[in-house]
Amino acid sequence: MTLSLSDPAWYPIASSDDLPFRHVYQGQLLGRELAVWRADDGNVNVWENRCLHRGVRLSIGINEGAELKCQYHGWRYANRSAGCTYIPAHPADAPARRIQNKIYPVAEAFGLVWSAAQDSDNIERPFAPFPGAESGQWFPLRPMPVNAAPEDVLAGLATLAPDDRPADSLPGLALRLGDVVYFVQPVDAGRAVIRGLLPSTPADATQALRHYNEMLSKLRDRLERAAAKKPAPEPLAPAFDKVSADLATMPDIAIPRGNTIPVVVKRKWTSADGVIGFELAAREGHLPTFQPGAHIDVHLPNGLIRQYSITNGPGELMSYIIGVKQESASKGGSKVLVETVRQGDMLAISEPRNNFPLRRDATRTVLIAGGIGITPLLSMARFLDKSSLPYELHYFTRACEQVAFRGDLEALHGTVLIHTGLPRAEIGTTISTALGAWSQAQHVYVCGPSAMLESVRTTAAAQGWPDEAIHFEYFKNDKPIDDSSAFDVELARSAMTLHVPAGKTILEVMRDAGLTVPSSCEQGACGTCLTTVIEGEVDHQDVYLNDSEKAANTCMMTCVSRAKSARLVLDI
Amino acid sequence: MTITLHDFELSGNCYKLRLLMSILQLRYDIVPVDFFPGREHKSDAFLRLNPFGQLPVLQDGDLTLSDSGAILAYLARRYDASGQWFPDDPAVTAEVLRWHAVADDITATASAARLALGFDYPFDLEKTQAGAHRIFRIIDEHLWFGEKSGRDWLASPAHPTTADIACFPYVMLSEEGGISRQDYPALRRWTDRVRRIPGFIVMSGIFPAGPALPAA
Amino acid sequence: MPSIDPIDHIDPITRDLWQVIAATDELPVGQIQRTTLLDVPLAMTRDSAGLPVVWRRSDEEAGDDVDPENILDRLPVTTGYGFVWTSLGTPSAALFPIPEYAEADRKNMSCGSIGIHVSAPRAVENFLDMGHFPYVHTDILGAEPHTEVKEYDVEVSEERDEVLATRCRFMQPRAAKSATHAMEVEYVYRVPHPFCSVLYKSCPEDENRRDVIAIFLQPVSEDRCRAHLLQSMIDSTSTITDLRRFQQTIFGQDKPILENQYPKRLPLDPRAETPIRADKSAIAYRRWLSQKGITYGVIPMAS
């Protein structure tokens, strides 16, 4: 038998005990090097041992508990998805593109960790226990690496059987000798690891482990002497997958959103007076990578789409937890979620998008939340918490009963201050004290009602905070939109010129002309329709771009913003 | 009294002393020695300090010492009030000295392979690599059975000793000699533990480990 | 069967380049030193006038005495910036210029030649990279939280046939010996040769001048190289040993990163890895190599 790079069989690649918390194990299967690590939630990750950025082995990186940090440039990859959540060289950017390391399927069973050279998104052969597995309380032996061809190692193991009781062959590179099962992990063409399982924990475990270790060491020495006499087999040469074409260039505008993802409402509960928590779980596997501050579009049963921030911490991808405000004067969005959606219902959500990225290069981070605005800031606090970065979270609510996610807030290690029932003036002074005077590398993030955003913005500006240190996210645009102008737009890449009359948006005119253009909130708040401006002067009416971005005149929101000049040239 | 270390940054043997002095919070001065490319350790002035022409050399007041293992023992006996780094107990002393000898074997193999590949030394690469693998196999087995019996370090005490300091650098630098540690998972885990000793510092070629899981 | 000459596998551009092989002062007079260039075994020595002599080696042993007069079949040789350069083909007349090297008040020194298990272009690309400073050169060339790579400019100068990155700025904790707090340092990078790069760094002693640090890579094979380091500094206080130690510390930190990079040859296909804006200079460098038709030490784009 010769090894095949595309052999989809499951093989053990490590013992469970090889993977303590906060360690990265270096493994290999069929020539492919693997970085294997256990997250703090117990999940085992089996990834290609190579950072997608510059090809450095991830096994020299750092297991931060929920993310793996590459040693070369500090890129963070999330538990479960291997999606990139942070690029320190560009701390203010949310990685708009989906950078995801290659992952392999994983199963943990019988004290061993198993994987297979299969596409983890499309597993053709799911993990199946070996015949007879159900009868044992398996106890793993010390793994024995051998510099010999895996098939020779299997043949060598078979010679250990007494003459009157030959070895039973098991599927794959495995056999049973008496009641002990041995698996041969095909590391490479000329390298293998013997992984044995005893059917139960022996009375004197150390003595038994030493006994088998001695026996397998002798077998190893014999096999290696034999292998040294043969020409060394050519190592397998696995190819590295290419990254997607959009990753090969450096776009600076957001990518249109992908397909929707079906989710199940796993839990619905009253988190606080007026705040309903929803836990949205993937139907199978995990949900996509998100960054702190990210939100999802939730497609509601009545056809409406609403945005909600993800509250999760790093690497928590089995479900997203969102908080929904129970509004008395609801416009039908939240109302539907709160009143008609129940536990067990299916919903569709978008992939996470981030218009509110968190920098992890601040010497001081101030998080200010008002009411339901706690949701993105809770996620940010959790990321900072896990990386042991300092932060202060201020959470304002009208009453004590309105404090949502209280248990989650109490689990944080940073400074968390909850301010309840403060009169308006006192809110102002509390914000002012919380901000303090600005100095280099300090950042404030605020989410809450418009009045609070304005208060933070003006107070911060008055206390010397520059625009780029004040981060906020609008979920809606309360400003009146002036759509009285008329002008032409030239679409450079589509080679088209369209006239935008008063009363119509650029977005509507492009859609009428048959173009597919991504959009979401259509009120200049979410950033989805961000478009690069090549020529012309923009009449910005959105609340997404900050003042310096607006002044730069290099991009715009086509859903509300218009032209001051007679003509605009857009990169579409 | 002033401690002075005659030091070369890229030397694992010099780093052993920097590491222990950092852990023991000792203040010391460094005299850089141009080992490469200047070969200053073969200069007359240096040979007067150490006729063997080897780094490191440590001076403590009037005392001049050489050999990293010997100096580790000296620093621990002289300055470690806790007595844990080079314990007094005769059996443990013997055990630690045994590992100091292993450390010298690692220097003769893994470090020699690194010098051959990185610094053009005329050593037999295949032989030194094979020698290092032979030693790493034994250490991995020792550490694996140690983990099973609750022993985290090379010697038997429940805390690290100079045995760990002496063996660590050239284990960690072995890849520069073309010696992968992939087949030694228990050895790899031990290098995490060493890198989490309070006071740990790095040298060029060795990266820090991240923090351990906080105790619940 | 005729043996295959390794020279046949070298692309003509690489073959005709001047390639660095040793620091001139470290080459013994009348004694053989061995090295390998582009898979070709070489022997070298210096004659009684101190001039280097280089030839293709057969069974010569390092340390053997040799009379350079007897070596007739010599490879072309030039010296520059304290190093010996040779070529397996027909090199151009002159090496690329580093005019600062000739300034009388500079301390010029080699910092050793260090073997690395990675291709020469990978090592050049790492030399151009700033984003790794906080993670690889922690507390020296960078430190968290100052991780941002600000916008900088890159051009390929047609006139000089080199990649040039300017306005490169980075927050450095120990930019100068006297520095007590992090300060922003400005760099200019040149890639005047496919396997060489020159860095100009703001000089703490004289704000109108720049320290020069260069890396010359000797391509030993497709996936191994030797890094020859040059410093040309304006520094009236440090000793040569101090300055060498600093540079070796930095390079010793890069070494394990480079040796853990896969594949070891530099992939020129844009879809092989994931560039970000901070990698503008690396992207320009990869394109420049591709356009030149360099195939040695790289994985060329599939045609």
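Here the chain labels run A, B and C in written order, and each chain numbers its own residues starting at 1.
Basically, contacts are C-beta pairs under 8 Å (C-beta built on N, C-alpha and C of every residue); 3 or more make two chains touch, one makes a residue touch a chain.
Because the structure is predicted, anything quoted here is derived from the model rather than measured.
J.: Can you identify the chain nearest the overall CA centroid, using each chain's own CA centroid?
T.: Of all chains shown, the one whose C-alpha centre lies nearest the global C-alpha mean is A.
J.: Measuring between Cα centroids, which chain is at the maximum distance from chain B?
T.: For chain B, the chain whose C-alpha mean is farthest off is A.
J.: Is the number of contacting C-beta pairs greater for A-B or for B-C?
T.: So, comparing the two chain pairs, more contacts are at B-C.
J.: Taking each chain's centre as the mean of its CA atoms, how far is chain A from chain B in angstrom?
T.: For chain A versus chain B, the centre distance works out to 39 Å.
J.: With chain centres taken as the means of their Cα atoms, state the distance from chain B to chain C in Å.
T.: The separation of the two C-alpha centroids amounts to 31 Å.
J.: For chain B, give me the residues that contact two or more of the other chains.
T.: In chain B, 207 touch at least two other chains.
J.: Touching at least two other chains at once: which residues of chain A meet that condition?
T.: Residues 60, 71 of chain A each touch two or more of the other chains.
J.: Among the residues of chain C, which are close enough to touch at least two other chains?
T.: 256, 260
J.: If we count contacts the way the header does, which residues on chain A are in touch with chain C in the complex?
T.: 33, 49-50, 52-57, 60, 71-74, 87-92, 99, 240, 242-245, 247-250, 252, 360-363, 389, 441
J.: Provide the residue numbers of chain C that touch chain A in the complex, in ascending order.
T.: 125, 130-132, 134-136, 144-149, 256-257, 260-263, 267, 269-278
J.: Report the residues of chain B in contact with chain C in the complex, numbered from low to high.
T.: Residue list for chain B touching chain C: 8-10, 32-34, 36-38, 40, 117-120, 122, 175-176, 178, 202-208.
J.: Can you name the residues of chain C that touch chain B in the complex?
T.: Residues 23, 26, 62, 110-117, 138, 239-242, 244-245, 248-253, 255-256, 259-260 of chain C touch chain B in their complex.
J.: Applying the document's contact rule, which stretches of chain A touch chain B when the two form their complex?
T.: Touch residues, chain A against chain B: 14, 17-18, 20-23, 25-28, 40, 60, 62-65, 69, 71, 142-143, 145, 193, 205-206, 209-210, 213, 388.
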